[in-house]
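In order of appearance the chains are A, B, C and D, and numbering begins at 1 in each one.
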């Protein structure tokens, strides 16, 4: 008898979602779906507000990566003012985003995902978390926590708060970087480099050994990749233009402007999820599947442009023997990006202009329609506002990184479920470790569901087994 | 309320003119000429003069304006503000404080349902609900054809006849929904 | 005008009169019951019978028994007819010459009439309000003459103090003391205001007085002006009372013509003029500071007191402000002396009080009873109780500011103190009878809806407290409330009562608090689950009727 | 000038006759919560936060409009007052749409300060979520009615200090709102001199400078007092 397994909600991600695993008559997996079941109304309740508030409002979508929204909102605001922001303001915004990528990736790797790698897929779920990691490998855990703290502290030193620092504003940023803060960052950089190198070495070792098979199972499929690249084709996180590449490394589209996103990005809707399904319109839905985020950014750029990071990028490409197309390698890509960020931060700290106090351009409303883009830890983030003559928001569209990986995430859970779950008989439980692997497939993308659905909710776990006739067979909850 | 909108008859023939001045064609020369030629403004000016253009006479003047124009349109409020040398916001604040002043045109006919305690105790709320259903409008609104406005009153002081209604100035007591609806239909038919 | 001319005017009016007079009531109540058709019938009968020289058809103001209108009175036989129809008009006319009529004769021995003691309403059914001559004929303006010529202002104030009259608008502040305060303010511009902004739903005493006997109010105001040293008076009246406005305007014109108003009245050095100010639909303007703002052409926002109007009122000048009924009591007090007035009523409350008796009661109408009359006498004897054998559940006094007195407390005398003790108030005189079918939570909600819509919005507790109170009552009355909501309702009620700026907010929670006092079980019965937060079944403890 | 002596929370104060209890409290360094009161403007006594207990008077009276009397014994803090003030603030928070997190005045808001002062951390009354608008039509300033508490400081400062009377209150009761001109967009009101005094007078983030973002409005409220005194006493130096 066929049935469905539902994992609801998925743990160790930001937000609330569930996975349904559909079993066929033989107890094998026929399909699996990743549902996002929260809903929030950000796009709606921004209407009528001054555009200057958008950074503050949209940052509240998420407590993990508010900086991404701050930047996208500020950049959209810049375009409404139609100003060029002072050079130092741009550098400081970059600094904050680099710090944010660092802290978010550190959180994803050390706190959320490494317990699976280091303690084992099938280890006791009660200990398969950052606290278990502290018990098992206190030095690594502490280093990871301090690396995240480094990123957060840089954000705090710029914006006066660790989260929701309303510091980026249309026209620039609110306060300059103090010499004291610059010095603090310089002092903490070496330790941060050490930590990321330690993690890289550890993880690379596992990819050659314990985690070798996962690469072929966790989202290994061809797709497009999208991300920002600099004018010179280098890795980019703040500005530049959009580029699509395919699994063979060909450039499918280049020099795309975020202003024209509606021309190449479509958004499909499925009745079983509040999360929209963006796709690359020239290829249609669902063939226009593309991935964004750390791995995509590394795939679309020609090179990173930083010595150490480029060495690691080459290593990744060698490992994949071309374009890395397994989503399991997002974890690796994240570590490479942390290294990239640290190198960029180092460079910015050496820039004498970085502490300049000219950080804000003033202007009135000059443009009524604007799109801003930034690279969030999880991928490309678009903010699109239409305002009236006075700058009150008339409509908002937010295209969130996680949503763009929605098709890929669904494909990944199906792939994993089919690999690990076989011949489940009536009344028979699925081994917890298998379910954990299915969840881990989602965690590769480090999804931020709060962002992507603009939703509110808690994050316990709910698994359902549903038969082919649609009847619920068993349920499991995790609080 | 019962005493407002009484000049409906005098206002009605001048409606085209009024809607012309409603048009926000901001050609001030044209407009001021129109004003001069509009005897309603003259009537208003006379009232202001009688009150020596005292700011304290604002409510008296607004009463006159409402009687003359049927409601307080924006140009009228500006005219009053200018005449009494008052800030626009002060005039607007007063005009919107008092329920008898209306900034929108009312219907040709009015039906006021008394909602005082005595009437309430004797079923005025149910009566009002029936009228709302019949006319397809809520209390305080005017039918889309501009024929009739349905209004509520605090207490018209005829508690002995509760529940009471006032249709075009005529008070009727001890009403049932059927009786009131019939009276409304009669009024509309006239 | 001097006193001889005044007497001559009265005599002339007496001489002018025809042997018979038929009076028909022109108040709103009788008019909407068909009084105009009756009048036409009476006039036609007189014309057809060629009785023009013998019978005069004349209007009078409210005669009180509004439930049985149209009312017609025949003079000099002093017979009242009730529910007169146009068809009966001719036969009523015929009674002047011994004819018979099937029109129903009112039983003047009924407690409705017997228990009344008209002072304010003493001219009820006796004069045509639109003719000053008739007012003078019944002794009008003689009190003004007496005050101006025989008394000093201080003596007038003294008589008012002696009378023990307390403000009839609801507050109950001793009128004489108020006059004295204004009188003692340094000489200069002072004002007298008559508050005729009778806004309580279910109250129409002031309307009736202004419609039926406007000169009495003007005379009272003029005497007050003399006593306190004011030369200018305002009557602030509701626009909803067009007939009262019309009669008052006419009365002022006539009084000016005969020099009862104007300069050097009765040859004294006293000047006094009266202007009418018409409200525009704002209940809060019954509050004296709001009313003064409104007279000055501003939003009717109250302001904190002190300073009281007696010290700083209209245009910051000392201002005496009393309501219609208070001013209507002045002429009789000056005529008969304060001691006379003080001999009526009780120790706590002197004189008489006019009530508008409405709601679920047989004899709706306007009554004037001596203070100390019990609610039971009023409701059961005078009002003949609930129609169709219903049972009285409660009597509401004081409108949105007042409270509900339950049926078992009906033996309470009408007095300021005893009503206050029950959580009700004397109020301006609205008295609404509720029967067993009346839902008390619904009544509280009705009054709160009123306050919510009528609050001026200036102070926070009243502006937003009334909204929250209404929402709580609405929730409870829809059966969606919890024990916590009832608790919150009570707490918020006390807060709004104590924290609000003016009388509107300070009394707005009274209907809630008094129904919570006497009918709490009705609230509890409406709760989602009749259990408190600890899961225990909740029942009201005190004064809960068995319902 | 005659002087009266009174006690405020047990502290003896001597102050000129005609002063308010509020001024006497300031003299005695006693903080009385308030929102509609602003030194330099006329008093209206509408927020009711400054109500105090006065021995021998069974009514609560607002400190801002109550004149001092010889021998008065004033209590500014009591459990009852604290409880009522808290309720007033809860009503205010429930009445508008006060989202501190994104407000220009966050961290520099008198409403927020008062909530902290009386220990109000949540409202026990349901939020009303009124549908209110923001007006950014002025070239320099904006008004967001969501954050307005109707203290009327803007109305008074514009009328009494600047003399422009751009603002007034319109409608009644729960529908009251601050109106510019004939209910026009602020930017269309000819009378506005763009002096910005209303921005400084506003206790919340309702009136603000247009480029201000979250937490950036730092109102200079003493400036009005300074300005009034400067004009009265010809002292142009702070």
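Rule of thumb we're sticking to: contacts are C-beta pairs under 8 Å (C-beta built on N, C-alpha and C of every residue); 3 or more make two chains touch, one makes a residue touch a chain.
Keep in mind that what you see is a predicted model, and the values were worked out from it rather than measured.
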Contact pairs, highest-scoring chain pair: B-C
Nearest-to-centre chain - CA centroid comparison: D
Distance between the centres, which are taken as Cα means, of chain C and chain B, whole angstrom: 27
Between chain A and chain C, centroid-to-centroid distance (C-alpha), Å: 74
Mean-CA-position distance for chain D and chain A (Å): 46
For chain C paired with chain D, centre-to-centre distance based on mean C-alpha positions, whole Å: 39
Chain A residues counted as touching two or more neighbouring chains: none
Residues of chain C engaged with two or more neighbouring chains: 282, 299, 454, 456
Multi-chain contact residues (two or more partners), chain D: 169, 171-172
Inter-chain touch pairs (all): A-D, B-C, B-D, C-D
Chain C-facing residues of chain D, complex: 44-48, 51, 59-62, 65-67, 83-84, 87-88, 91-92, 94-95, 124-126, 128, 149-150, 169, 171-176
Chain C to chain B touching residues, read off their complex: 28-29, 31-33, 66-67, 69, 198-204, 207-208, 239-242, 277-283, 294-300, 356, 358-360, 364-365, 396, 399, 430, 432, 434, 438, 446-447, 450, 454, 456
Touching residues on chain D, where the partner in the complex is chain B: 159, 164-172, 179-184, 189, 191
In the complex with chain C, residue positions of chain B that touch it: 1-4, 54-60, 62-63, 90, 93-94, 97-101, 115-122, 153-162, 164, 170-173
Touching residues (chain side chain D, partner chain A) in the complex: 101-102, 133-137, 139, 142, 144, 185, 187, 210-216
